[in-house]
Amino acid sequence: MPKKSRFLQTPVEPFAVEGGLTADQILARMERISFQGRNLATAQRVWHKMLEDDVTIFLGMAGALSAGGLRLVVAHLIANRYVDCLVSTGANLYHDLHETRGQRHFIGSPHSDDAALAEERIDRVYDTYADEEEFIGNDNWIADFAASLEPRPYTTREFLHRLGGHLWETTKRDGILTAAFRARVPIFCPAIGDSSIGMGLSQARQKRAGAGTIDIIGDIVESANLVIRRPRTSSVVLGGGTPKNFINQASVQAEFYSPEVGGHRYALQIVTDVPHFGGASGSSLEEAQSWGKLATDAASVSVQADATIALPILASALAISAPPLLARRKPPVFTLDSRVMTVDGQTVPSDRFEDVNEPAV
Amino acid sequence: MPKKSRFLQTPVEPFAVEGGLTADQILARMERISFQGRNLATAQRVWHKMLEDDVTIFLGMAGALSAGGLRLVVAHLIANRYVDCLVSTGANLYHDLHETRGQRHFIGSPHSDDAALAEERIDRVYDTYADEEEFIGNDNWIADFAASLEPRPYTTREFLHRLGGHLWETTKRDGILTAAFRARVPIFCPAIGDSSIGMGLSQARQKRAGAGTIDIIGDIVESANLVIRRPRTSSVVLGGGTPKNFINQASVQAEFYSPEVGGHRYALQIVTDVPHFGGASGSSLEEAQSWGKLATDAASVSVQADATIALPILASALAISAPPLLARRKPPVFTLDSRVMTVDGQTVPSDRFEDVNEPAV
Amino acid sequence: MPKKSRFLQTPVEPFAVEGGLTADQILARMERISFQGRNLATAQRVWHKMLEDDVTIFLGMAGALSAGGLRLVVAHLIANRYVDCLVSTGANLYHDLHETRGQRHFIGSPHSDDAALAEERIDRVYDTYADEEEFIGNDNWIADFAASLEPRPYTTREFLHRLGGHLWETTKRDGILTAAFRARVPIFCPAIGDSSIGMGLSQARQKRAGAGTIDIIGDIVESANLVIRRPRTSSVVLGGGTPKNFINQASVQAEFYSPEVGGHRYALQIVTDVPHFGGASGSSLEEAQSWGKLATDAASVSVQADATIALPILASALAISAPPLLARRKPPVFTLDSRVMTVDGQTVPSDRFEDVNEPAV
Amino acid sequence: MPKKSRFLQTPVEPFAVEGGLTADQILARMERISFQGRNLATAQRVWHKMLEDDVTIFLGMAGALSAGGLRLVVAHLIANRYVDCLVSTGANLYHDLHETRGQRHFIGSPHSDDAALAEERIDRVYDTYADEEEFIGNDNWIADFAASLEPRPYTTREFLHRLGGHLWETTKRDGILTAAFRARVPIFCPAIGDSSIGMGLSQARQKRAGAGTIDIIGDIVESANLVIRRPRTSSVVLGGGTPKNFINQASVQAEFYSPEVGGHRYALQIVTDVPHFGGASGSSLEEAQSWGKLATDAASVSVQADATIALPILASALAISAPPLLARRKPPVFTLDSRVMTVDGQTVPSDRFEDVNEPAV
């Protein structure tokens, strides 16, 4: 029956348990099982393809990943240039800063007495606690730093690079902000106004008139210009949220100005939201193709899983399988320490879109 | 057995089917069933309490509610002052503007051929389509409007009020932005940089140097000052996302400056996310108490449901039960058409926090 | 643009709030919105089609619907012959019996102290409580009844019909079991061994040797024969579980013996599970087509919602819109009070499959 | 601040990526992160405790785990006596038998054309395909085997042990049924009537009058008697469904007859369902305490994850960490090849409950 065999080509290979397997060996055995296990294994293959190809890799990060113990995984991905540009919620950067400043989050319970916690000024994130008074200290630290800057508008990319630099100088500790500073990887934070970093910035105005001014629209221009400069892109998304859309938006916006942009070449998302309620966080990668956010022939995979399970496994596997690819990789080179960023020596302005149909720069 | 009876006080009353029931009669019968049906019925009661008390009611809105057919429900809630301040994602305002400008979204299928849609330049949101070329027209319309404004920083509150005004003058059609303009209800959009409204603003820079500048940090100050001015607040959240956190953040930030602020007095959320992955969208209202976002004695309810089911029912029920409460209600009065907003005649600055311990203003 | 218009035919019509709307008017307005709201409205249309056509309508019921306050909705659907055959978990029948016997479930909290409840012998189902001692009474009542029957194997269909009859004679109260008894609607319970009804049956053996014997395989034969007799079928599923599969299995099994069987003509499911983990409860209706469980041209809809929200609305709407259809409907007529059931006067044996290719009966 | 420190004792330790880590090293690093990652790590610790203690370990298995590539993981857990008694859906045993008979499932796509699959008689389980004609062959094979048995009622435990034996003799291949046969681990299948194994049994009646008779109520008695004999138990649940409840029911039922039974001492569940819709599959382990299903001081953990991700990791880790515990373990010894099962030499009848208050046996 030749027609039937068209569908029945690759058998499921039951996972065989064996002691001593490393993460990439486990994932290799999961490629031939089903459901989300297969998808997680596929995620490693898709990431390999990104690293092998000449693409700018965006990493989006939403959900309480930093408070939840994944900030050094993200720092590792940045430091080793598994990714080239981070788009994050403010909270993830804030909770990263909290720990990089030497403070901690704590193991707690989801069945807490929240009134008792409130009385002790302990803030809860599901099963994780933090000391609210330390948070107040962070806000003030951020406000002091922001007030120390020349009072003019800053894109989040510029502000966060400077913040990362200040944090590195102060602490010499690893974390997302410090790793991005040191690896010169840009960070965008489209919803910075909805986070404690934003709160710190707002408090800077109490310290110095005109301080704490963020040019959020400049981020849109700059991120699109980055795609215009390097039209081949990829998207790795953890948890959806504003980062997921911002990465796609950069691609869509860039396409207005450059015919070379055609959506991400590769896409990988690890999400817990579902498509059928219509929200962007859970939207499928297929849907992204209709918008031109993703090339219609892109290699892509969506993993329905909590990142606190999926990412440690995936990063541990990549730590074994990816180093040769990373060694061959020629990632984009950024300068980030001034108002205008450059990529591979070319400027990426935030005040107007580059039109590649005209001679650029 | 007196101890047992402590737990077994109110029997479940099975829902009795009857033809001709209105939405509030249906919800009344759902108060004594279980699970999310009970929660939806409770949501009506909690909203009643908000309307009866002297509180500022924030409405947060995330997810594709405007594209999905709920924009006139939200406009209705604004026009009739069920709510006093809207916090929205940019997408919901954008898709509202799309329809207010006379364009439509269309019934589609979640099982579409997305490559075919991409070829026709049709954008898909789960089971809903829109014409990408019309979107490009909207972006340009927004860019033109933004370029027509005096080039200076605008809070989203000021910008969106002006945008709503321009939309009303141009179209005289109902929608979220126009209803908020006419009812003088402020709108904050903390992630405006992550939306097509942001894209329109970014394109304004192409038309006029210095245009499209948004003071996202000013929004934080202004929203907190609003809570300092009127410390009794409530939160109604549809779908989580940045609006949910921004509303809570206003409360937390205000508390730094005023001892009278003690978290929302009432809270109601209709969400599809779950708490156990740690993300803010799905976080429980109990958890919010640990942060002081919600008063520990607040009346609150969380409904796990798609807003496209829950909100039409709830709004239809409130349209019957709430008018007497709305008639008695004395909602805050805003002026929104300039850089500094006022509430009940008092200024609400965006450049510094009001400290109620010092004589304010 | 003629090609584009192929996709953009029916605009989304924003839901317009109005006081005094009945459930069917609300659903009519939800047909033109998106996401699960649209699906719930479509569910009413699909049910209308079932009632208009000459099909046997199976209702599957899983999840704690009876404890949660929906037992009289299901009883109403049975009594008014919206459905012709119920397939249920044992728990739903047990909690129905509990209330029909005059006992109650109680409004509780999901944040209970379960150790305290355990001490008081109160059993919790999420936010609902029941008295464990009353449950022990029920078990014994079932055991006594089972021990009173002639000791021979009973299909669940026969046993549950007899149990419903005994319950009706004893209580004269409405409920699922009593409604099904009175309307002569068969009930299958494929996982009766996994429920407190099964526990009661097991305790019958303590009272009388050989009592409590259930012919679960006979149920398979009988349900398939029912489909062979009446090959045009429909499926309404609440919550997935064993009932969902059992209804499909009857169709698949019948097809082995009759070429006239071609899968359900209509299907409607209200579920909270999702497809992407591979479980049957969340499986899509599209997937069911590959198995021949559902005709490939079937009118069908899947609603992702808690039944405690969706079913009260849907049943209230149908109570207005469906009576003319019910009046015209000629549902199958069953006799259920003996070992061999009949439908429309023909026997439906449980000991062998009817082969329609041979002369039947 | 001594009170605060009560809550803030154990810091979250960010996961540190390192190449070459084995699964148990990865899980060890996940114990100090948050959310479901921490829960998965805790699952290993809880399983260790079960193995160290003198408890009968039940494994419940629902969802398409066998079709999805996890059948050899479960076989491994059985063969190495990580567990002592399996409770499964029929589908998992059927898809296991399918492969043990030398046939395969195949890698497919969730975006299939189901009408095309139906035409080719290919059945889809989300992203996995199987040949329907092979399934028909299996059904017939099961029917032949069932018809070969002496026609009398069989508990699923006895029938499945015999089926496993026949399968082993025929194929000499590893799988769940054959591993359980060889390790003399009992299998209960409370919803066997809702599965293709049930369909095969029903077809046995076509081959031989009186064949295919299953004593599902006997399973209840036998499983409860097993707990009465060995009152210290543990529960490992994959996916919820009927197995989850059946394992708990054995405990609850046993408690009626023996004061020594006090709920499971340890419990571990890997589920994707959630508690807030009231269904048993997603119910919390806390709720189980109110029913006495779980001891109020039990060590327990609930992991919200797809088993196709969680189980390969967990089993790979246990393959490293558990062998010393397995070597010291003294699991219960069963005889399973006749109508009455024994455990540790004592009979476990299926026709009446053992009352430990009277002298047993």
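Going in written order, the chains are labelled A, B, C and D, and every chain counts its residues from 1.
Keep in mind that, in the parts below, contacts are C-beta pairs under 8 Å (C-beta built on N, C-alpha and C of every residue); 3 or more make two chains touch, one makes a residue touch a chain.
All values reported here derive from a predicted model rather than from experimental measurement.
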item: Both-way neighbours, i.e. chains that touch chain D and touch chain B; value: A, C
item: Most distant chain from chain A, judged by the mean position of its C-alpha atoms; value: C
item: For chain A placed onto chain D, the superposition rotation in degrees, Cα atoms, nearest 5; value: 180
item: Mean-CA-position distance for chain C and chain B (Å); value: 38
item: Whole-Å gap between the CA centroids of chain A and chain C; value: 46
item: Centre-to-centre distance between chain D and chain C (centres being mean Cα positions), rounded to whole Å; value: 26
item: For chain D, residues that touch 2 or more chains besides their own; value: 34-36, 64, 67-68, 117, 122, 125-128, 274, 276-278, 286, 304, 306, 308
item: Graph class of chain-chain contacts, one of line, ring, star, complete, other; value: complete
item: Complex contacts: residues of chain B adjacent to chain D; value: 34-36, 274, 276-278, 304
item: Partner chain A, residues of chain D touching it in the complex; value: 1, 3-4, 7-23, 26, 29-30, 32-38, 40, 64, 67-73, 76, 99, 104-108, 111, 117, 120-122, 125-129, 131, 286, 304-306, 308-313, 315-316, 319-320, 323
item: Of all residues in chain C, those that touch chain D in their complex; value: 62-64, 67-68, 91, 110, 112, 114-115, 117-118, 122-128, 132, 136, 153, 190-196, 198-199, 201-203, 205-206, 209, 212-217, 219-221, 224, 239, 241-242, 245-246, 249, 252-253, 256, 272-281, 283, 286-287, 289-292, 296, 306, 308, 351-353
